[in-house]
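So, here's a batch of structures to check.
Both of the next two complexes hold chain A, though its partner changes from chain B to chain C.
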Partner chain A sequence: MKISFPYMGTTIVYKKLLEMLGHEVIMPPKPSQKTINLGVKYSPEFACFPLKVIMGSYLEAVEQGAEVLITSGGHGPCRAGYYEQVHRRILAEEGYQVDFLVFNSMFKDFKTFKENMLKVKGKSSWLKVAHVLGLIYYMTKKLDALEKQVQKIRPYEVKKGDTTKVWEKIQVLFDPASTKKEMDRAFQQGQELLDGILQMTVPEERKIRIGIVGEIYVVMESSINMKMEELLGNLGAEVERAQYLSQWIEYNAIPKSINFTHEMEILKKGEPYIPINIGGHAKQTVGHIVDYAERGFDGVIHLMPFGCLPELVSQSIVPKISEEMGIPVLTLSIDEQTGTANSLTRVEAFLDLIRGKRAKKIS
Partner chain B sequence: MKELYLGIDVGSVSANVVAIDQGGEVHYSTYIRTNGQPLEAVKKGMKDLHASLPTDVVVKGVGTTGSGRQLIGVMVGADVVKNEITAHATATAHVVPDVRTIFEIGGQDSKIIILDDQMVVDFAMNTVCAAGTGSFLDHQSERLGIPIEEFGAMALQAKRDVRIAGRCTVFAESDMIAKQQFGFSKSEIIKGLCEALVRNYINNLGRGKKLEPPFVFQGGVAANIGIKTAFEKEINHEVIIPKHHDIMGAIGSAILAKEYIHESGSTTNFRGFGATDLAFEPSAFECGGCSNNCEVIKVELDKQVVAMWGDRCGMWANNL
Partner chain C sequence: MKVGIPQSLLYSYYYPLWKTYFEALGIEVVATPTTTKEIMDLGVKNSVPELCVPIKVYIGHVLKLEEMEVDYIYVPRFVSISKGQYFCPKFMGLPDMIRYSFPDIVDKLIIPTIEAQDENIAHYKNFRIFEEIFKITPKENRAALRKAEGVWLTFRSHCLKGYTAMEAMDLSFGEIMEEKFEAIEEGVTIGLVGYVYNVYDPFISMDIVKKIRSMGVGVKTFEMLEENEINRQLKYLQKNLFWTFSDKILASGYSFYNDEDVDGLIHFTAFGCGPDSMLGKLLEMESPSFRKPFMTIRVDEHSGENHLQTRIEAFVDMLRRKKQKSRRGA
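Right, the complex of A and B next:
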């Protein structure tokens, strides 16, 4: 069956997974103005921005012949849990008959999970499935390791844009890899490419590190968040994201009682501020801010879709955390606006604030 | 021979040009309404400035700020191109060294800046909505047929309080019409509007922030005594309005240019006063390289491309 999925972050991972299980993959195009226009046109006006963009991606995918769409469900009381229902209806109204496979944590609803797995499994044996999942996890780890370097190198590149180009090349390198050995080779080549980037030497005490937290889609998908990582990099700051795919897999693939992953630790750190699960990534958001403060980061950029309820809650708690932990936080609402001058002004001023804090003056 | 630093603030409603000396003293300033023509406004400002300066003046540095900072920066050859928040804070800290809270209300946006020990520690900016900005007042003054310059003084003549919803200009307007029909006077309505604007501003931008004195109020709207009074009533404290309240952004960028030149020891990129007469041709085209179809801004001087921006992927901006 022809399968597609929402476009988010390093999509070659999903593509690879489905291809290795013998499916034909319809790669949705990277969200562009056209995607957004499509999504906005067919989605309810009040819906959150990720729903609209994903709607656009789906429309582009079914246009190319996708028959099945794979997505994840939502955690707790957040609208993301109903995305699939809304998307399904809109697609049906537009005359597209598509199946949805919604993956929720297998520990919550094992029956549905198993049914979904059986569909994805196709003719492959369970042994093969296990093998493929292992490989994909391995590849995600490798890619994340390289991306973290990309985020550290970018601010010091001599020629603007070099690091981003290398990162795009790296993702292409991983595309044909289907064995551990080939992935190792792609990793090696990627590492060499990264090492080859001409860098300025900046003394340690002048380096600035910024964490990006918030709702997973606007954090992970650069094409809709004004390329926040690149923007910060170009303004001279190292970046770390709260979400990486490998962490997401680790968190979701291990039962809670024996889960000692990074994400569990983060959730614990956020507990003094948001003790209960209010949906979305609000708990992670506050937890990550605490974590970044403890690790000595200089500041945090908090991204949220305009009108996102869980993130509105975390936003109102941010000033308190910011004060108690002594870390500046800038919240930016993401919506379909294309005029970025304003957000740029804020991000620039935010970095001035951080530099000024160090120099003990306005800079 | 006099050494001066220039600061240019190109905003949505006005373009300001100032010249300061080594001590930060303002020697010349101009505030010109752009009327949708920011480039022309800056050209005029630069000409006026040049005409009013003695001939032995040397420009040591230039800074630009405001939403048009990039383009103007290219045109004049700016040494520093900075965002408005940093520029405003710099100027205010220079005039009121112990300032803790800055209220800035401009034509199309408003900001709050929190300082501690002359450092910016927090800020917020409102742009999604016109309710807390000068444009809102402009619009209402037109509706009421009262020139904006007289707006503030009229508010002070009010005898009664009128509460007007300030959350949204649409609500405010229907509320205003209703109150007019109830028989409230123009000055009372205006006072109600001023208070609504301030309430909206404090709720929106001051949310979650500790507002501590000294308070400084600046931006074009600070000329409005009605708003100043409304601020003082809302926060229950005196509000300082600096002498050059409407050109603080420009002053700040001039100071930043001065600091930059001093610290780096470099010489200015200033193209000279004649530069604005050069045939800079800004144009925009749709890239079409991918489905983003970015609107790319291109600035040419004598058929030579001097600056490009607006492309999301950087294929134009990075390859100049």
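Right, the complex of A and C next:
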């Protein structure tokens, strides 16, 4: 069966996973203006932005012949848990015959999870599935390790755009790798490429570090968040994202009681502000801001889709955290009305503010 | 001692319970007046712009209570009133938004977590917090709660008879007497799909129920439906919405589609309402297959009353003509 999936972050990982299990993968195109237009046209007007972009991605994938769409589910209270239902209905309305494979948390509903796994498994043995999953996790970790370096090197590159080019090359390098050895080699080559980038030397005290927090889709998918990481990098700031794919896997694949990942610590840091899980990534957002402040970051950019329910709660609390922890936070809400120039100005002003604050502290 | 309750959000659904409960404990209950321009502006000025109108209005009411010099402000955190379902994230985080935005009133806030298996929230654990605050014994607390539960159940039974939530509230307090509804035989009936806090807030909804009724048109809303009926409608869904009240109003939508007495549906929603953005679309897509007209009215803090009037009139005219035509055809 021809499988496709929503486009988010380093998609090569999902592609690899499905290919290794012997499926034909229809790679959805990177979200473009066309994708967004398509999505906006068919989605409910007031739905959140990720729903619209994913709708567009699905339509493009189905156009290319996808028969099955794989996605994650959820049980609320955030709207994302209901995406697939709406997408399904809209696709049916438009006359497309597609199946959905929805992965809900395996700890809540193991039966459906198993059924879905059986479908994804296809003819491969369970042993192979386990092996593939292990490999994919390994690859995700390697890719994330390189990406974290990319985000640190970008602000100091001598020739603008070098790092981004290298990062794209690295993703291509990983594409053919199918064994641990090949992945290691790809990692090695990637590392060498990164080391080869000419960098300016900037004294430690003049380095600026910015954290990006918020809703996972707009944080991870650069094509819809105005390439925020690149933008910040080009303006001379090191970047760290609150979400990386490998962290997401770790957090979701381990039962709560024995989960000691970084994510759990973050949730604990968010507790005083939002005591219960209110869905989405609101609690993580709040926790990450506290975490970044404690780790001495200079500022935080908070990204959210327009009208995102949980993030609106965190947005309301952000001024208080910012005041208590002494860290500047800029909230940008994102939707199909991309006023790039406006956001660019705001980010520039934000960085100016941070530099100004820094200069005052030194003098 | 005075406890303040904002006349907003779930006020129209649970005020009979709250009022009876506090008064049984000998505590004075102060509710804010119905929403006014002033309260709305207070809320709009003090909240994040992207929030939906009902939440902004609620914040306005909370700030109004501060002016009214109450000792406590009751801001319950609604988490879940049915198994596996939640409230909208904004409801669940509402107390946090308030306590971190307005440091002056933090000491006055009472924030109990409301969790129940069904919509009857009169459970001891939801109200236990008051024993310490008001220095009452568990026995007194339970007795007050039982009394409150009784009043609330009467309120719900009035709703099921076809009274709107506000009428049922007055009935349950014994402020007005039951009266016979004028049977609407020739006329049309509209199924009004919308949350209590939008439909019954006269400022947000501009009294839509009254407007529709004054045209000689009958109105049905979700709280007039039996719980069984709601559950029956939900069975057709592949996966239900995980927000309790959204689920209820979605079910009411399906019920109205299936109800022969209902001629058309109006979905009354607020700008920026997340759950409604999904369920509105679902209901809209069903409209052609049931051959029933469906209209969405979306309001926000700047809604003009005339436009609402015109749209409802046009919708009612259309329904009437449709009905006449089908009668003539038959």
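Here is the rule we go by: the second predicted complex is superposed on the first by the 358 of 363 C-alpha atoms of A that agree within 3 Å, B and C clash if a C-alpha of one lies under 4 Å from a C-alpha of the other, contacts with A are read in each partner's own complex, and residues count from 1 in each chain.
We adopt the following convention: a contact is a pair of C-beta atoms (placed from the backbone, for glycine too) under 8 Å apart; a residue touches a chain by one contact, two chains touch by 3 or more.
Please read all numbers here as calculations on a predicted model, not as lab measurements.
In the superposition on chain A, A:Ile278 contacts chain C only, with no contact to chain B. In the superposed model, A:Phe260 lies in contact with neither chain B nor chain C.
Using the contact criterion defined above for the overlaid structures, shared-chain residue A:Glu348 touches chain B, although it does not reach chain C. Contacts of A:Pro328 after superposition: chain B is touched, whereas chain C is not reached.
Legend: residue contacts after superposition of the two complexes on their common chain; A:Ser32 is shown touching chain B, with no touch to chain C. By the touch criterion defined above, A:Ser316 reaches both chain B and chain C. Once the two complexes are overlaid on chain A, the chain A residues touched by chain B in the first and by chain C in the second are 316, 319-320, 333.
Contacts from chain A toward chain B in the complex involve residues 29, 32-35, 159-161, 164, 223, 227, 230, 316, 318-320, 322, 328, 333, 341-342, 344-346, 348-349, 352-353, 356-357, 360-363.
Per the touch definition, chain B reaches chain A in the complex via residues 67, 82-86, 89-90, 93, 109, 117-123, 125, 127-128, 207-209, 290-294, 312, 314, 318. Chain C makes touch with chain A in their complex at residues 47-48, 50-51, 77, 79, 84-90, 92-94, 96-97, 100-101, 113, 238-239, 241-243, 271-278, 280-282, 285. Of all residues in chain A, only 43-48, 75-79, 81-82, 85-86, 89-90, 93, 273-276, 278-280, 282, 306-310, 312-317, 319-321, 333 touch chain C in the complex they form.
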